[in-house]
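Per-chain residue numbering starts at 1, and chain names A, B, C, D and E are given in the order in which the chains are listed.
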Amino acid sequence: QDVSACLITKADTNPFFVKMKEGAEAKAAELGVTLKSYAGKIDGDHETQVAAIETCIADGAKGILITASDTSAIVQSVQQARDAGLVVIALDTPLTPIDAADATFATDNFLAGELIGKWAAAKMGAEAANAKIAMLDLAVSQPSVDVLRDQGFLTGFGIDVADPNKWGDETDPRIVGHDVTAGNEEGGRKAMENLLAKDPMINLVYTINEPSAAGAYEALKSIGRENDVTIVSVDGGCPGVANVKDGVIGATSQQYPLQMAALGVEAIKAWADSGAKPEPTPGKDFFDTGVKLVTDTPADGVESIDSAEGTNLCWG
Amino acid sequence: MEPILSARALNKRYGRVTALDNCDFDLMPGEILAVIGDNGAGKSSLIKALSGAIRPDSGDIFLEGQKIEFSSPIDARLAGVETVYQTLAMSPALSIADNMFMGREIRKPGFMGKVLRQLDRPAMERIAREKLSELGLMTIQNINQAVETLSGGQRQGVAVARAAAFGSKVIILDEPTAALGVKESRRVLDLIQDVRARGIPIILISHNMPHVFEVANRIHVHRLGRRLCVIDPKDYTMSDAVAFMTGAKSAPGAAMAA
Amino acid sequence: MEPILSARALNKRYGRVTALDNCDFDLMPGEILAVIGDNGAGKSSLIKALSGAIRPDSGDIFLEGQKIEFSSPIDARLAGVETVYQTLAMSPALSIADNMFMGREIRKPGFMGKVLRQLDRPAMERIAREKLSELGLMTIQNINQAVETLSGGQRQGVAVARAAAFGSKVIILDEPTAALGVKESRRVLDLIQDVRARGIPIILISHNMPHVFEVANRIHVHRLGRRLCVIDPKDYTMSDAVAFMTGAKSAPGAAMAA
Amino acid sequence: MSNPSEAEQGLTRRSESIASFDHQMTLLSRVQHALHSNPALVPLIVLVFSVIVFGALLGTKFFSSFAMTLILQQVAIVGIVGAAQSLVILTAGIDLSVGAIMVLSSVIMGQFTFRLGMPPAVAIACGLVVGTFIGFVNGWLIARVKLPPFIVTLGIWQIALATNFLYSGNETIRAQEIETQAPLLQFFGKSFTLGGAVFTYGVIFFIVLVLVLAYVLRHTAWGRHVYAVGDDPDAAALSGVNTKRILISVYMLSGLICAFAGWVLIGRIGSVSPTSGQSANIESITAVVIGGISLFGGRGSIMGMFFGALIVGVFSLGLRLMGADAQWTYLLIGALIIAAVAIDQWIRKVSA
Amino acid sequence: MSNPSEAEQGLTRRSESIASFDHQMTLLSRVQHALHSNPALVPLIVLVFSVIVFGALLGTKFFSSFAMTLILQQVAIVGIVGAAQSLVILTAGIDLSVGAIMVLSSVIMGQFTFRLGMPPAVAIACGLVVGTFIGFVNGWLIARVKLPPFIVTLGIWQIALATNFLYSGNETIRAQEIETQAPLLQFFGKSFTLGGAVFTYGVIFFIVLVLVLAYVLRHTAWGRHVYAVGDDPDAAALSGVNTKRILISVYMLSGLICAFAGWVLIGRIGSVSPTSGQSANIESITAVVIGGISLFGGRGSIMGMFFGALIVGVFSLGLRLMGADAQWTYLLIGALIIAAVAIDQWIRKVSA
C-alpha cells in the first residue's frame, strides 16, 4: 500500500538538515515511501512548522519526522497529528516532554558539547586554569541545541554553568565572553573579532558549529594568531572534518543526521506496515544515534577517532 | 478702532533667505484688506505666520488685542481664523466632500452617530455640492471624485468654498482666484463681498490689481519682507500701487499710519 | 497654410468623467493661439494629449502634417514641443539650475566632461540666473535654492523660463501667469511676443482675458471637452468671448473655419 | 460697489444649469467603475482565481472544508498583525515592531500568570496594556520627536525582542500547563464547527476585527483623518487635522491589536514561546501590499489586506499540498507574490 | 501690439537692480548653512561624538588602530550593500533582495570555479553578470510593469535565496581550498598595513565605491536624474527624464554592486557559504536611514550612508567591548539607533 511521510526540518539553509533530508529521501526511495519535506524559514520559526504539520494531516500522511524549532511550543500540534492517527518521530532534537513524540532519534547534544570540553581541558592540561575562552553561540533566542552544546562544553571543561538552561549566566573569569554567530562564517568571524577586541589573548574558542568555526579562524588569521588558538566545534560535516585535518579546528563532535533520517523513515514504514513503534536506546528515553569526537591530536581519557575515519563517516 | 488681527516686528528666515523682515500688519474689523507685492516678497510667509502654519523667529501677533501664539493651524481655526493657503492644503486621494469637512465632520444623528460615530455622508455631500454651486463650479461632475482628479481651478474653488463656509472671525485668502476662470473669479469676488457683508473681515492676497482695487478697503503693500505702506484704493491708482510695490516710486510716508 | 500642430477627434475619459469629447485643434505657424474655457473644461487635458503627457483614448495628432504618437513628454521635447504644465513639473528637492536643465544638462568641456561626464555647474547656474533675470524674477536670492523653498510665483517663473529657453518648434504654456505678480506677468507677455518674433508658435492657456486679447492672434474657445469655436480677437470683444465659453451666447458657426 | 471689468460683462446672460456630459453606462464601464470605487475587489479576484487553480490541480484534498478552514487558521495571526500594519501603512508609516510586540505581549500574559501567579485575566490585561504602551512609544517618537517610522520601529523591534528574551529567560510555557492552570490564555484556540468547517475563535476575532476596522476607516472622522495624514501630512495639518494625535492613536491601536495577536497566538500554538513571530513583520507587510495598500500611505483598504493575507495562505498551503519542497515553495511563493501584484496591476490598467 | 493695462503703467519706472536683503554672516549662520548644504555632516557629527564617548569610556582598547580598522572591516560589506541600497532608496524604491543577490553571486563565483572548473576570473565575471541581471529583472518589473519595489524585491529576494540554496546544495567551499586553488576569489581579503592600521582591499573598495558614487550622484546628469525620479516621478517624466531607463539602470547598478559585495564577502570569510548575508537587507536599510537618506526618495547623500554604517559599527563594537552581553547589545543597539536619528533630527532643528 501507498505510504506517505513528511519530513519537517528547522530551516533547510543549514547543511545539516539538507543532508538529513537527502538521507531520508534515499531511504524513502529504497522503501517505496512517498516523502514530502518542509522547513521553517529560519531556525526558531515554529509557526511554519505548525503549518507544515497541519498540511501533513490534510495530506493524509502516515507519519511525520520533525526536528523541532521550539521543543515545547510544537507539542500541541504534534498531539493534534497523533490524534489524527499519524506517528510522529522527533529527529535530532527531543521534544519537551520527550514523550510528546512517539519516538526520538537524536544526538545527545549535551554529550557532544561535553566531549569537546573534556578534550580541550585535557589538551591544555595545567594551562586550563589560565584559559581564555571565547564562546561563539547560535542566536540570542537560545534555542535548545545552542544551550545544550554550550553548557555541555563548559561542563566538560570543568566550568560551573550556573543555570544549565541558559548560556551567559556563568561567572567564571576564564570566559572572555559569549557572542552569537547565526551559525555561519560571517557571524563567526564578526563574533570572534568582537571578542578579540575585548581580549586579544583568547586561546580557546568554542563554536556552535563548523561554519562559525571557519569564520572564527579567518578572524584569528587576520591578526596572525591562528596557530596559538584552539578551536572546538560540533557537527562533523565533511568540510568540518576536512578543517580538523587541516588543523583549523582542533576537535569536533560528529553527529549522524543521515542515520537519524534513515531510521526515522524505516520506523514510519514499519509502523504503517505492522503498527510497531521503535524502542529507545536502553537506559535513555530516546534512540541515541551516537556522537563521536573527531580529532587528529587525541587526548588522554577522551575517546576519539581521527580525521580519516571521520571523513568516512561524515555527512556532507 | 482697534485692529482685530495685528502683528508687530515679525521676522522669519529660511537659512540664508529672509522671508519676513521686521514686518508689521494690521487688519481692521469688517474690512477687506488686500496684500499685494512682488513674487517672493513674503506675502505667503506673512499669512502663514498669522494663521499658525509657521512660527515666526520673533515678533508678536494679536487677535482682538490679545497676544496669541498659534502653535498650529488648528489653534487658529478654533479661534475662528480660516485660511486658504496658496498650496490649497487638500488631501489628493480623498473626495471633495471629505476635504471640505476635514476636521469638522458631521455625524449622523441618533445612535449611529453618537455611539458608532458614523459620518453623515449624504448631508456632507449635499452641503459640499451647494457650496460649490454657489461658486459656479458646475463642471464638477461627481462630488465623490478624488481631489487629485480635479482640474487646477476646480481644486482652488473647493478650497475657497471650504474657507467661506466655516470662517467666523477672519478669513485669509492667499491668491484665491489665481487658477480660476472669469466666471468663477467673479463668484469668488462676489462671495468675498458677501462675507464682508456678514461682518467678517478678509485678508486677500492677489496679483490681480483690478480685483484688488474693486473689493479692497485698504491695501497693504509688501516689499522685501516688510510692510512698505498701507494705501487707500480711493486715493491711489493701480499704477501707483504697482510702482510702490516694485520700488519704482518711493512709498508715501504718511500712509503708514492709515 | 498648413497647421503646424493639429488634432482631430480627441477623446479622453477618466472613469465616469469625460475630459475630452471629440475635440479638434489647430495651431498655425508663427501664431499665438490662446485657449480659453471654464475651469474643468478640458484645456489642460487637451495640451497634455498634444505634448505626450497623456495618451488620448482615440483621435489623431499631426505635427507639420505628419501623424505622430508621442509616447512620453520626452518624445515631444525631442520633436521640439516644449510645455509648461499647470502643475509646473519640477523636482521640489532639486535646485533651480538643476530643474531648468533637467534632461539637457551641460557638461564640462574637455576630459572632465567627456570622460568623467562632469556637469558644468557654473555655466548652468549662470544661464539660469540670466533667464530668470530676463523674466524679472529678482527676488530669488540664491540660484542654488531648492525649488520647494521658492514662493508660488517664483516657481512658476522658473518653469516658464525653462520652456522659453529651450522650445524650438512649439511652446505650450498652461496658465503661465496664474501665480505671477504684475511685473513678472508683464515680462512673461513680453517674452511670449519675443518668442513669436523668433518665428515659434505658442499655445497659451489663460483665464486672464486682457492678457489673452493683448497677445493672441486667434482664440480657441473650449467648452465641455471640445472646441466650441475659434475667434479672432479683433472681431469680438472680451465680453463676447466670455459669453461663448460660459454658454451664455451660442458660438458663431462660421468662426470654426478660421 | 461691484465694478466688473470689461470681460465679465459676458457673464451677465450666463446659463445656470449644471453642465453635464453624456453618460453611456455600458456593462464594461459598470465593471470599471466598481473596480475603481472598491480597490479591494482586485485582490478578491486574484484570490478567487488562485483558489480555483489550486482546486483544479489538487481536487478534494484542497477543496475540503478542513483545508479551507485550515487556511483561515493559518493566516489568522498574520492577518491580525496585518490589520495593525494596514493602519500604520495608511499613515505612510511602517511598523517593523509588530511581531516583537505580539510575542512580548504573549510572553507577558504567560509569565505574569505562571511566574507572578496573577489571575489569567489580569495577566492578559497587563499584556494588552504593555502592547498598547509600546505602540504609544512608537507613536510618540514618530509624531512628537518626528523620527522616521522605519527607524523608530526598527529600534523598538530590537528592544522589545531583546526584552522578550531577557525577561522570558528563553523559556517556553508548555501547552499542558496552560490548559490545566490558565485555560483563559488559550481562549482563542477554542473552536466550533459549522457545517463541517472548523472555526477557531481566533479566526472569528480576525474576521470581526477586519470588519470593524473597515467600518471605522470608512465611516468615522478618525478613519478619514488616518487617510488624510497618510496622503499628505502637511495638507492634513493645514486643513485642521491634529496629525500628531492621529499618528499616536494609530500606533497605540496597532500595539493593542498586536497584543491581541499575541493572545490569539497562545491559542493557536497552545504554548507561550518567546521565539514566535520572527517573520510576522515581513509577512504582514506582504499581505498589506498584495492587498493593494500603498506603502506611500493614504490609498487602499483594509479588506484588500484581508484578501492579500488569504492569497498568501492559499499559495502556501496549495504549494505544500502539491509536495513542493521547502526551497521550491519559497521560490514559487516569491514568484507568485510578484504575479499576484502584476495581475492586480493589469486588471487596474485594463479598467482604467 | 503691446497694450499694457492700467495697472502696468506703474512698471515703467521700475528699478532694475537685483533685490537684496541684508546678510550678516555670523559664525552660527555659517555653521547652519554648512549643515544645510551638506546633509551628510549631521551623521558625521553623530559619528564623531559616539567615537569620542566610547573612546572616553574605553580608553586605548577602543582607540587602538586595531579596533578602529576592525570597525571598518566589519562594516565594509554592509556598507557596500548600503551603497547599492542608497541608490535604490534615492529613487523612492527599496531593495530587499540585496543580501540574496550578494550571496547568490558569491556562490556562483565559487561553484563555477570549483564545480564547473572555470578559471576564477571567468567565474567572477559570471557572478557579476548574474548579479547585474537580477538587478535588471528587479528594475524591469518596477519600471515597465510598474509593480511596487517592495513587492518585486521581496519576491526576487525569496527566488534568489531559494535558487542559491538549491544550486549550492547548501555546500560550503572551504577557505583552504580557495586559498590553494583560486586565490583570486579571496582578493578583497588581502590587506596592507599603513602606520599600524590594517586595511583590507575590501575596505579600500568600500571607500572608493562611496567616493565614486558620491561624485556620480552630485556631478553627473545621471545622478541628478536619480534624485529627480525619487523626488517626484511624474514631474521628472514631464520635465524630460527617461524615468524608466533611470530606474532600470539604478537597479542594475545595485545588482552589480551587490555582486561585488559577494566577492568582497568571500575575501572576508575566506570561504563561499550559501548561508551568509541573511540580514544584509535590514542592516543596509538601517545604515541608509541613519545616514539621513529619506525612504521617500530624492533626499540625502551617500556619504551620509557611509557615516550611518560606521555609526552602527562603532556602537556594536563599543558595546561589546564594554562587556554588554549579546542580548543586551541587541537591546542597546536598538535604543542607540533611535538615539542617533533623534540627535540628527535635533541638530537639524536647531540649525533650521
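In this text, a residue touches a chain if its C-beta (ideal position, glycine included) is under 8 Å from a C-beta of that chain, and two chains touch if they have at least 3 such contacts.
Values in this document were obtained by computation on a predicted structure and should not be read as measured data.
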Task: Contacts common to chain A and chain D (chain labels) - done: E
Open item on the list: Can you check which chain pair, B-D or C-D, has more C-beta pairs in contact?
Closed with: B-D
Task: Most distant chain from chain C, judged by the mean position of its C-alpha atoms - done: A
TODO: For chain D and chain E, let me know how many angstrom lie between their CA-based centres, rounded off.
DONE: 30
Task: Inter-chain centre distance, chain B versus chain E - centres from mean C-alpha coordinates, in Å - done: 45
Task: Centre-to-centre distance between chain B and chain A (centres being mean Cα positions), rounded to whole Å - done: 72
- [ ] For chain A, write out the residues touching at least two other chains, lowest number first.
- [x] 12, 42, 140
Open item on the list: Can you pull out the residues of chain D that are in contact with at least two other chains?
Closed with: 5, 7-8, 10-11, 14, 19, 21, 162, 165, 327, 330
Open item on the list: Using the touch definition from the top, which residues of chain C touch two or more other chains?
Closed with: 15-17, 38, 87, 139, 141, 182-183, 209-210, 224, 242, 246
Open item on the list: Strictly by the criterion at the top, what is the full list of touching chain pairs?
Closed with: A-D, A-E, B-C, B-D, B-E, C-D, C-E, D-E
TODO: Using the touch rule from the top, collect the residues of chain E that touch chain D in their complex.
DONE: 141, 145-148, 150-152, 154-159, 161-163, 165-166, 282, 285-286, 289-290, 294-296, 327-328, 330-331, 333-338, 341-342, 345
TODO: In the complex, go through chain B and note every residue touching chain E.
DONE: 15-18, 21, 38, 209-210, 224-225, 237-244, 246-249
- [ ] Quick one: which bits of chain E touch chain C in the complex? Just the residue numbers, please.
- [x] 1-5, 7-8, 10-11, 14, 17-21, 37, 215, 219-222, 224-225, 227-228, 231-232, 234-242, 298-299
TODO: Enumerate the contact residues on chain B facing chain C in the complex.
DONE: 14, 16-17, 37-41, 43-44, 86-87, 137, 139-142, 145, 149-154, 157, 175, 178-185, 207-209, 224, 242, 245-246
TODO: Sort out for me which residues of chain E touch chain A in the complex.
DONE: 61, 66-67, 70, 73-74, 77, 165, 169-172, 174-176, 189, 191, 198, 200, 265, 268-271, 273-279, 316-317, 320-321, 323, 325-327, 330
